[in-house]
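Common to both upcoming complexes is chain A, partnered first by chain B, then by chain C.
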Partner chain A sequence: MMSSLISISNLNKAYGSKKVLSGVNLSLNAGQIVGLVGPNGAGKTTCLQAILGLTDFDGDISVLGHHPRKDRVKMLNDVAYISDVAILPKWLKVSQALSYMQDIHPNFAIEKAQAFLAKTNIAANDKVKALSKGMVAQLHLALILAIDAKVLILDEPTLGLDILTRRQFYNHLLEDFYTEEKCIIVTTHQIEEIEHILTDVAFIQQGKIVLAQSTDDIKERFNLVAVSNEQVAQADELQPLFKNSMMGLTTMLFDNQDKETLQNLGKVTVPSLADVFVGIMNKETC
Partner chain B sequence: MTPQWDPEKPIYLQLYQQVITRILDGNIKEGEALPSVRKVAAEYQLNPITISKAYQMLQDEQIVEKQRGKGLFVMPGAQDLMLDRERESFLSHQWPEILTQISRLKLSAEQLLSVNVNNQVEG
Partner chain C sequence: MNTSIMKASIKKELWEFNGMLKWVPISLAGVFIFIPLLSLILNGIDMQALLVEIEQITQVQQTDRMGEFFFVAAIALFSPFIAIGFIVQVYYFVTCLFDERRDQSVMFWRSLPVSDEMTIASKLLTGAIVIPVIFFAAATMLMVLMVLLAIVACVVLSIGFDISLWGMLASANILSGVGYIWLSLLPIAIWLLPLYSWLMLASIYANKAPFLWAVLPIVALLVIETIVVHYLHLSEPFFGHFIADYFSITPDNLVNASVEQEKSRSAALQLLIAQIDYRTVLVSAGLLAATYWFRVNKSES
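And then the complex of A and B:
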């Protein structure tokens, strides 16, 4: 039995008459690195805010046995968060950020943050305004790595960073933070880049979870088939989620179809997570 | 660097095969340590469970052994073991397919050998 670190059941949230989340159910276990993926405005950030107790919600959420609103202080001992809009004050020195965290957070180990920063180009005396975007992301990471949280929530942590810095960010995350006792939730638009890092994904669309599964199972479940024009009608009967015609072949995405049947229609390949995402998102809107 | 993975095969199997090939080629020697799971995860940008799965297979097949607190090490005799196993696998799986293809294309022994010779000359 895997132990569930976060469980969400029937989570609903509306801003006035606008429904943002409807009937969200998710269970996150130790060892998982979960990608919460969806188009802009799908409800990703609201969902994370509910988990963090930053917003009111209807339904049940338990984070390490705590209610995010009622036991927020206790919960935050073991939960860390990097927000896409995280802004550290520009006048703050790196050393001040560290000592501030040490003062307010019971689980903050300052020497861990210092050891991490020693591997970067960030000096203790630097002010936030002197740091590049990538360095600020690293400083954030140093602060949360030192908390040794059981749950780490990352909302677009690498937004606006160049590819080297993005790679470095995940490098540190895997080498210095992750253990099998922890759980990481990450939202990103660069799904191709972290597809192999994720153990699980949840696709969210218009406030609803449309797919939540392990990446291994998704690779088993979905297939792409390149179908020739003569066989398109026959393939259509199997109700592809998505199709795209190009240079005489129609590529179709199938969900849970018998492999042998598909092989008779054309060359079968395994879709990337991005392929599955695009297929599912387009299906739901047509 | 992150390797190019074949999307058609599970990555843990490809990683497993990579270790086997490197032992066969002598890149990883007997008695040497494999990099830690988190090192490989960070370097290859893979989730650590994928790497644990591959490492578990190598352990189950007694190609590597765990030394408490120190990690995984290539077992003595692993290279010979792999060589025997991969030869066996080649002769029973790949070779019959190649033979079928050779006879389908009606290739003579001379034709096949001449390709070899040419390649050697060019190489």
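And then the complex of A and C:
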């Protein structure tokens, strides 16, 4: 049976008069890898920071039964976080980072971090300022994956990294961290790269969750149809979420339409999450 | 409060400011060692004149005054360490909460299970106690080195020239003299707590130029107050008086106090302790509470 690790209900946050999050409801269970996807400024980082207790908020958030603001330290024993805005300081040595983590974190296994680092070119005596951006990300990952956390929060963790390092990052995540008892929540702009590892997605736009579903359900629910020019008018009646014309074919995205009807219009394929994301975002802005 | 987390947090602060906290006291001690050596090498040494002088000293040595003489000499040796240490402390307090926001590592530190109370307390303890301890220790080591040299000199003089300075060395009460200086460390830290707290508040509040934030508001307050006092014909400026009165102890006062009141080496200590009162507690508590509030509530992204 799945148990809820994070539950968010009616989460609201405003900076002055600007509303950043409005009425966000989400529930994350053990075993889920959830992609929180949205355009820039949609409120993803604020949402994650509220979950981590790094910013105040209105509404209710429970992370492993803890209130993120009132119970932040206890909660952080079981929650790990990697973000492009949570940078390792340049003066820090690798050995110092390991020693510090071991001293302050009850769930940190230094051997695990050392074993991970042994597979990289990072030496214990290196300072962060001497490492490349990819190596810093590897070090950060080594520190975080060595924490036996129940919840892992990743906010644009691979921003600015090359594709090889990005792939490596997510491979390590699955191999060295993920188990059925844990839950990962990740935001990224490169949704197509992590599509295959996500179990669920939540699309966020202007501070509101516009779609939150399992990736399996999304692939059932949405269909991409390559419609020939003659049938475009007929297909338009079915109110596609999105259409894109190219070289005599119009690709249309449909939400909850009968598969047989769609097959009469053209070749039906399963859309990628990126297609669905673009479709949903366009619908909401229309 | 979890002591192992506190220790780890202080260790982290020492790593961060490692260069400054290691090399400044070492260089200072180096200056004390090499300048006399250099002058000795450059000017040479007139052994005959020196021996005559030493003999004169042994003849006129007043053992009851040696303790005071040594105490003043020890203070003179410690003073540059305390003064430079104070500059390092001010630098540390102004940057300790600002630097981690500037390099964006604050989010990393705050995503670990260390409370904000612990972070602020560890930084305060590092700046107010650990840094002075480092500088006091450097001065003490230099003093130990000098005492060792004095012992060697005594041995050489008594064996080779039949001049005994042992009585003088024994009556210097070296341990108690240095002990009194070390005892002043905690009262100084408590007395300066309002200043340290203010600097920490400037460090957490400033988005740029924390040094200006540490100085300008005080200057502005004093200038505005002076103008108001002048125009309203009030008797005296409250803040101006408050600051001048609270920080009226200077190193000169302390040395004079301990020298003038001959038998009492603790006079300086008493003077320091007398200055600590309700103002210390109220101002420090208020400023530290404000620092904590900003740490918890200031948005960094």
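Going forward, the second predicted complex is superposed on the first by the 286 of 286 C-alpha atoms of A that agree within 3 Å, B and C clash if a C-alpha of one lies under 4 Å from a C-alpha of the other, contacts with A are read in each partner's own complex, and residues count from 1 in each chain.
Here, a residue touches a chain if its C-beta (ideal position, glycine included) is under 8 Å from a C-beta of that chain, and two chains touch if they have at least 3 such contacts.
Note that the structure is a prediction, hence the values are computed from the model and not measured.
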Which of chain B and chain C A:261 touches, first, second, both or neither: neither
Chain B versus chain C as contact partner of A:170, first or second or both or neither: first
Contacts of A:89 with chain B and chain C, given as first, second, both or neither: second
Touched partner set for A:178, first chain B, second chain C, both or neither: first
Which of chain B and chain C A:49 touches, first, second, both or neither: second
Chain B versus chain C as contact partner of A:72, first or second or both or neither: second
Chain B versus chain C as contact partner of A:216, first or second or both or neither: first
Partner, of chain C and chain B, that touches more residues belonging to chain A: C
Contacts of A:282 with chain B and chain C, given as first, second, both or neither: neither
Chain B residues within the chain A interface of the complex: 5, 7-8, 10-11, 38-39, 41-50
Parts of chain A lying in touch with chain C, wherever the complex brings them together: 15, 45, 49, 52, 54-56, 72-74, 76-77, 80-81, 83, 85-93, 96, 99-101, 103-106, 140
Residue ranges of chain A in contact with chain B within the complex: 31, 33, 167, 170-172, 174-175, 178, 180, 193-194, 196-199, 216, 219, 269-270, 272
Touch list for chain C against partner chain A, complex: 4-5, 7-9, 11-12, 15-16, 18, 100, 103-105, 107-108, 110-115, 297, 299-301
